[in-house]
Structure formats: structure tokens, C-alpha cells
């Protein structure tokens, strides 16, 4: 079994490496001259030369790639073109904010989703199930800015309970932090809960159609035990997988929420970088996001391997 | 269903084998069809029905209220929201449709090739797609736009290629499943060549599962393009795109203006409508749409 | 004595449309005495499983128990509330499913699952249940009884899982056990042992049983009384002895005839052999070694067939018999060109056939046709029957339009199906009908030989027997040869002129049907012959004793490159010889080969004694 785990880890490392190549290539395929493209209209000869120099554009791509990669591995994320600051400095604060938001959302969303999925799967076709199915379908389909806008309209404008945007991330008290983060967390929770609850429900119902479940019924095993002991264990794989995907999303994909609520997180940083064509910053953010994504999936896969009795106890 | 309370169908609630024909939809599915039909209609004839030109500054009021003259109010610089929504429908639907068709052609093309052309080709293509699947979609989109700028062709092609990834996996899995069926073996044993096998044996059996995929990708494309427009990286103003409209009017939200809400609601209704149909369709076949939503 | 179970006027319906139900069990009544074994016999659709499940108060999703009463002693099962019914299941009545996959949850230990019901229903506490489980494992001859409970299902072999299913059903000491085709999916040689084990333990524990099966011969060994079902109705009911020797109902007779068709022995082996030798061979297989995976040095990564030599003459039927894993289907695929050989040749008439379909000429492909086992998946669900049958006509004979349609109608008539079928889709046809279409498609090519790969194995007995009749009729009319592959010895013996016995990828014996069924034979052939239950009571007891001398316990076949593959199980194996060198072919009479290190005289003597 450990061999399988090791192989999976190795695959993760290789994928990460391939992704780094893709990210690098992706940001180097600017049409025309790289420096001019970055500067756009403010492309004076001196500015172009300065950018050229800063990005070492005189060197061949492969050399630049290796240099970039080795720096990354050493923790040196490079310099931002627009802000002229060390990227690591710019990112650290933002990363903390993003992780705080992601962490709090996950703490709320994951148990809620698992509970909803389980409740729905217990009595398929029943009232709880129909409620869960319809509401999650709706939440899954709508754009995040719609949910955000709705929540802002209700809670910030009409009820005036919560602030519409994040004014600062310096919190004086837990209460203040809670009020400040409430709407972003709520918005994010609605979309990830929908996805996770649906998958949990589907995974359990899928297992419930296995033939050995009918056998359990014929043995007189009570419904609760069938779902919680017989079915759940076999449903771990897909459930862990969807939780991991959503955690990865919370870290790397929450651009819209950060924009609507003006939350100073990592995703917003990347969007700004893209707008300003600040290539080094774009590359750094992309690598962080991809690494997080790959890491979460890796953990999910390893957990699924560990949970599989065929691999835990080989013949 | 049964007078006997010991009916196993109630025992554990597993759905009884329904004899519903394939294209019969439940109530929710029908609602979805209604919504989609409505928007298709709007996309086709909307611009002819719009009371004002979407670019005209028709009112001095920004964030004007919804009244008899301006049914959905005015936006942040005094343009008629209703007209902009009507024009925007056409843009949204055509862009996402083109992106989805592209995703289909690319994803299915590669998927079938990987499944049928032999293990080496399969490995190469799968590895490439795996790498792309290890990157979050919005981020991938941002990456491309950082490099190539946000023109409409870039948007459509990017969305198409990104969403071809999921389709690739599904098409490949379908082809692999079908390829091992005995009727394909029988065709091989007869001496049929590959093109015949693909078009006459495999494809007809793959159509139905792929129909719901089309709907799903359509929704993704809509959300992707409008999401990018919302961030300012998609369709550029002053074009009347729903995502752009949300962005432009976001400021009015704190003052109680619904100007940002209206285009957002338009997008929401469209995507919900399509997903209602897709969900109904896939539920009938025992599938779960959340599985595809990576 | 008061009966243990009484079923009165049971009626079960299945849902065929919104608010529409059709009966699948019409009006069935019977009773079972304590400790008695009642068999429910019937083909698919007879309702046998439905009735058996009803005894537990259960109906499958989509079905409902419409009316009738079921009494377990004094308890009215069908009017129990949900909770009491749940306690009944796994308690006083237990169920034994058809396969291990349908029984065991791969994520839980064996011990937990075996003792689950007994503990949950409060029949005994955890320790007592564990102890009882271990006791049952011992009685069922399971090795390592003490540690079995801690293992997971995937760590235990298939045959052992079957017995564990029995342990699970008996752990709570039920009054009644429902066995749902428990040996149907097993190889013949395994089936015998498992049957014996079940019979013994049922008697030992004094449990009553309902035994559901389609095989009359199996049931004759284990049941006290038999109930014959068809289409939800009772055809006949009576004591086993009476039914087996003198069945009253015509349907029962038909079933019996189909179960054990008479072997095709001419009585005059020499003359039959002569007649066959006259004909030229259609297909010849020479030194064929084949398998799956990369081919290097004349061997495949996973070699399945070794040095196979055989031929099929014109107008004759070669039966290929062997159990799962012996490579018989692989042989068919190699001959058909679907799988390349690692070494050796396949000849059609006078020239060698290319290894792959892509390299063969259209004419070669047309002359050799293959028919698969699972008719369901052998027909494209999205094509109409007319198009399915028309394709080979277009491809091989260039027929189009009206000519094509005419020929399609002829083909349908040839397989005894109505012409109207050509506009239907496969899903509208029954299993037997689909298999006939499969056959018709092969016939459309006008082949010289048809490779029939387990074509009746997935069909009901009577339906399958009808298909064999059809094959025979076509042989006579069209002069087509067959390579008839099957695991069912009695079917093969009733249809084939010559038989080839495969074990672990090697030909251990081949010869005319007469020769194969008589002595001397290869020890494996002997084992096979003695594993096929005869339609009489007491056969199981008779055979168990002599079989003990014949071979070790049925084990999973091990493929070896070296020596005789039967060595691990052979009662007369010679250590140092049989495990190191491949067995030479002996010929007791011309045309009959046995692969054995022993001399024919030794073999004959050993087998006569057993």
C-alpha cells in the first residue's frame, strides 16, 4: 500500500513540474514583443529597455525558465513590475487573508454539506431529499456575484446588519471579525455547500444500489446502520474527493467574492496583476494556486488509498 | 404505489424502475425548458423589441427607479437597463454556444482518439489533459487573458478549450466502455474498418449521455464569460454584456439600487433553467450533475 | 406436524408503467415442514426468486406483493409491521444470495458480517456469535477457521466465500433458509463440493430450506420435495423421487429432457471415426500458443494457451470443453483473428490465416464467423434487426436494396423468427431470440465454420436446448461446421462429434465423443464427467466417495509453463516427472489422444477401480 501512496506522491510532483512549465509558457506567449506588450501604450524606448533588463529577456527561454524555477524553489518569488516590490512581501499578507477566509468557510461549509448530503441520502425521494436537491441545484447554477448581490441587498442595504464591503482586515475583536467576514463567508458557503452536499448524496445513493446492500436489508439490518456503517465506508472516496476540490477552490478560485466585497485576498491580487500585465506576479500567483490545488487533490487521493481495505490488507 | 407497507421500494427508498420514456421531463425539467425557451426567444427578437438603443443616455438619472418609462430602471450613467438586457441576451447566448460547440468538437475528438488509437496516443493526450485539469479554471482563464488580452475570440476559444477538458474525460470513458462491448468486437471480426466502427457502432451509443454534457458546458461557459466580464477581463464596455453590466452597476448596490441585480438575475435564471433540464435528464439515467462540476 | 412455512395464494406484481402492474407470481401455494428442503425450479421469469424473497416479506424495487398470505408457524409475515419484519430477517429466516459479490461488503471484515444479524437481533451476544461462527467455519471445512473472521472478503478465495455465505446464513440458527441459486455461477467441479457441504450442514443444523435453481439435476441431490414453476404458475409439485423418475406434467418432462440431453454416441466408435476422417479439414490449429499482452519469443506476457493442436472437419462439430480460465474463449478469438497468436498457425483449408483481422482477406473473414455468448451486448442497441442482419450481406456479398431485404427475411426464417422482427430493436427481443439473431448474422455471411463461444451458457435450459436444435438443423441443411465452446459437458456431448478437453490452456484429451465418454480418459476428464450431477437421487452420495480418490479439492487453475498443469490436483501424479516435463500424448485408439505420463494400461486400471 505504501508503494501506491509513494507512486501517487511522485505523480503529484511530476504534475506540479509540468504545470510550472505550462504557467511559464503561458505567460511568455505574448503576441509580438514581450516587453512592448506588457507596457502597452506606455511603451517608450527607455521603459521597454528597462523591462527587458528586469526580465532578462535577452536570455533564451529555457535559461529563464530554469532560473525562475530555481528561484521559486528557494522561496524567491521575484519582483513585481507594477509595484516594484518583492512579490513575497506582497503576497504574504494577502495569503493570510485568503487562508483565513477559506478556513472559516470550510469549517462552516464542510460539516453542513456532509450533514445535508447524508440526510438527503437517508430517505431518497423524501421531503428532506427533495428540498436538498432543488436548493442545491439552484445554488450550483447561479453566478456567485448573483448570490453576493442578493445577500448584500438583503443584509447590508435593507436590514443593515452587516457591512457591504470589507473595510479593513485589522480586527479589533472576534465580533467585529465575524461581522466583517459574514457576507463573504456566507456567499462562498452557499456555492461550495451545494456542490459537496450533492456529491455526498450521490456517492451514498450510488453505493446503496450495490448488491450487498440488498443483502443487508435481507439480514434485517436497520436503515441507520446500513447507511452509516455499510454504505458510508464505501462512499469515502468520492466524498473526500469533492471536499478536496472545493477546498482547493476556496483557496484559488474565489476571485468574484473578493472583488465584490473588496476583500484583500490572493485571487484579487492576481486579477489586478493580470489587468496590469504584471507577469512575474501573475506567474507567482498561478504557481501558488496550482500548488494548492494539486496538494489538496493529492491528499484526497492518498486518503482514498488509505481507506481502501483492498490496499490496506493485500492478499 | 403500494398498499402493502412492507413494499421494499419503501424499505430503503431506492427508486423503483420507472417506465418513463427518455424525453419525458418532470415538472422541474419543464420549467427549465420554459426558461430556456424564453431566453432563446429574447436572443432572437430582443433587439427588435428594445424600446431604446442600449448605448443611448436616455435619462439624466443614474440608477433611476423602475417605472413606466424605464421598466427595469436606468444604469449608472443613465442608460435603459431593459434594452441593454435584451441586447445582452444575444451576446451571452451566442458566445457561450460557440464556446460549447468548440469544447465539444475538441473534447470529443481527442477523447475518442485517445480511446481508440492505441495506448501510446492515449497516454500522451491524457497526460496533457491531466496537467490542464490540475489548474483551476478561472485561474487558467486569467493566465491566458494576461497573455493575449481579452478580446471576444480569445474569450470564446479559451472557454472552449478549458471546458473541453472535462468533455475529453467523459468522451474517452464512454468510448472505452462502448469499445469493449461485444457488438464492437463483432464488427471488428467482420472486418469493418475504424471509421465505420466509430460512426456506426460507437457514436450512436454515445449521443444520449453527451446531450446532458452539452447543457452543462453551456452553463459553465456562461458563468465563465460573464464572470470574467464582471472582473473587467472579459467583454469590454460599452458593449451590453450582462457580466459587464453587473460590474458597472455594482457601486449602486449599497444605495439600494437594483441595477446590478437585474443582469445578475438574468444570468441566474438562464443558468438555472438549463441546469434544471440537465439535472432532470441525467437523474433519469442515474447520474449526478455535480460529478461533472470541477 | 404443523408446517413451518405456509404460503397461500401468493400473488406478486411488477410495475410496467405508471399505475400499471402485471403479475409475475399468479397464485402460488405450498407448505414446508420443519427441517425439509423444498426446491423451486423454473427458468427465468418463472417467479422462483420472487416467491423465495416473499418468504422474507421482501419484494424487489418495482414489485409489490399484491395478495396472499404467508405464515411462519403462527406468524403472519405479510401483515407484520416494518420493525418486526426487520427482526424476522436474518433471525428466523435467512437468505443466501447467488454470489459473493452480492453478499459481502468489501469494506467490512468477514467476521463482522457473518455475525451481524445474530448480534443485532439479540439472539446471542458478540462472543457467543463469534464462537458459533468459528464452529460453522470448521463444519464447512474452511481452513484457518480461527483467523477467518478478521479477514476481508477480497483476501479469501471464491469457493471459500461461497461457504462463508452459508456460515452467515446459519449463524443465527434460523428455522428456514432461502438459498437463491447458490451454485449456479460456479464451475462444475466446484459446484459439487459446495453442494455437498451445503447438504451436510443443512441436515446437521436441522434447518428447513427453500432451494431456488434452474438445474433439476442439482436439486435432485439436495431437495426432499420439488415445485416446478413457469410464468408465475405452479406446474407440478411433489416428492423428489417421484418427480425425477416419473414426472407428471409435460413441462417438467421438457425441462428434464433439456437438462440432460442424451450424448451423441453412435455406439460404433470406429465407424464414426472413419466417417469423420473422410472429410477434409476446414480449420486446422497447429502448435498454437497465445495470450494477452506483449509478445516476445513466441510467448505472450500472459500466455493462456500452450501448444494447442486441433482441427475441425467439414460438416462436423468440434466441442471444446473446459472450466473457467482454461483458454477456450481465447482459442475462438485467435481463430477469428481478434487476437494474434504468439506462435503457431491457424490454417483455413490449405493456407495460413493471418494473425489479425486487418490482415485477412474479406473472403477469409466471410468463411469464418464467430458468435458470442452475451447476445445482449453482441447486438448494437441502436440498430434495427434488419440493419444488423443486412450488414454482412452488404459487406461480403454486395447485396443491396430489395435483394438484401429478401435475404434478411430468409435468414430470419432460417432461425425460426418472424419476418416482422427486422424492424425491431434488440431490446424488444428475449434472450433466446437475440441469440438467434446473433446466429442469423453469422449465417448471413455463408460461412464454412461458425465459432460458437458459449452461445447457450447465458440462456435458460429449455431455450438453450432449442438453440442447439437449431444449430443441428442448420448443420444438416447447410453443411456448416462448428467449433462449439462450452463449460457444460452434457450439452457438448449431445451436439459434438469430437471433443477437445482443455485444462489450463493445454489440450489434455481429444477424440470422438464416444471415446471421451468411455474409459480410459485423462484424470481431469474423469473428474469432469463425475462432477456432472445425474438426474437421480443419491448420486451425490455415490460420487463423493469415489471422487475423494479422484482428485484434490477444486482449486483455482494455475497456469504453468512447465510440466503437466493438472499435477497439483492429480491423484496419480508422479513427483519429479509430472511437474517437470510436459506430458506426452498417448493414443489408446487412433484418433483419441490423452496427455499423460502414465501408460494407458495404468490409467485404465486406476479409473476402473474408482
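All chains are identified by letter, namely A, B and C, in their written order; residue positions are counted from 1 within each chain.
We adopt the following convention: a residue touches a chain if its C-beta (ideal position, glycine included) is under 8 Å from a C-beta of that chain, and two chains touch if they have at least 3 such contacts.
The shown structure was predicted, so the numbers you read here are calculated from the model rather than taken from an experiment.
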Category of the chain touch graph - line, ring, star, complete, other: complete
Between A-B and B-C, the pair joined by more C-beta contacts: A-B
Where subunit A and subunit C are represented by their mean Cα positions, the distance between them in whole Å: 52
Geometric centre distance via CA averages, subunit C-subunit B, whole Å: 49
Chain centre separation (subunit A, subunit B; CA means) in Å: 21
In subunit B, residues with contacts to at least two other chains: 8, 11, 14-15
Touching two or more other chains - residues of subunit C: 58, 85
Per-residue overlap in subunit A, given as positions that touch at least 2 other chains: 217
In the complex, subunit B residues that touch subunit A: 8, 11-15, 28, 127, 130-132, 134-139, 142-148, 219, 223, 226-227, 230-233, 246, 250, 253-256, 258, 260-261, 264-265, 267-268, 271-272, 274-276, 279, 288-291, 293-294
Contact set on subunit A toward subunit B in their complex: 15-16, 18-19, 22-23, 26-31, 123-126, 134, 136-138, 140-146, 149-150, 152-153, 156-158, 164-165, 194-195, 198-199, 201-202, 206, 208-209, 213, 217, 223, 226, 242, 245, 248-249, 252-253, 255-256, 259-260, 267, 270-271, 273-275, 277, 279, 282, 286, 289-290, 293-294, 297
Parts of subunit A lying in touch with subunit C, wherever the complex brings them together: 211-212, 214-222, 225, 229-230, 233-234, 309-310, 313-315
Residues of subunit C touching subunit A in the complex: 53, 56, 58, 85-91, 94-95, 97, 99, 101-108, 116-117, 120-121, 151-152, 154-155, 168
Interface residues, subunit B side, partner subunit C - complex: 1-2, 4-9, 11, 14-20, 181-183, 185-186, 188-192, 200-201, 204-205
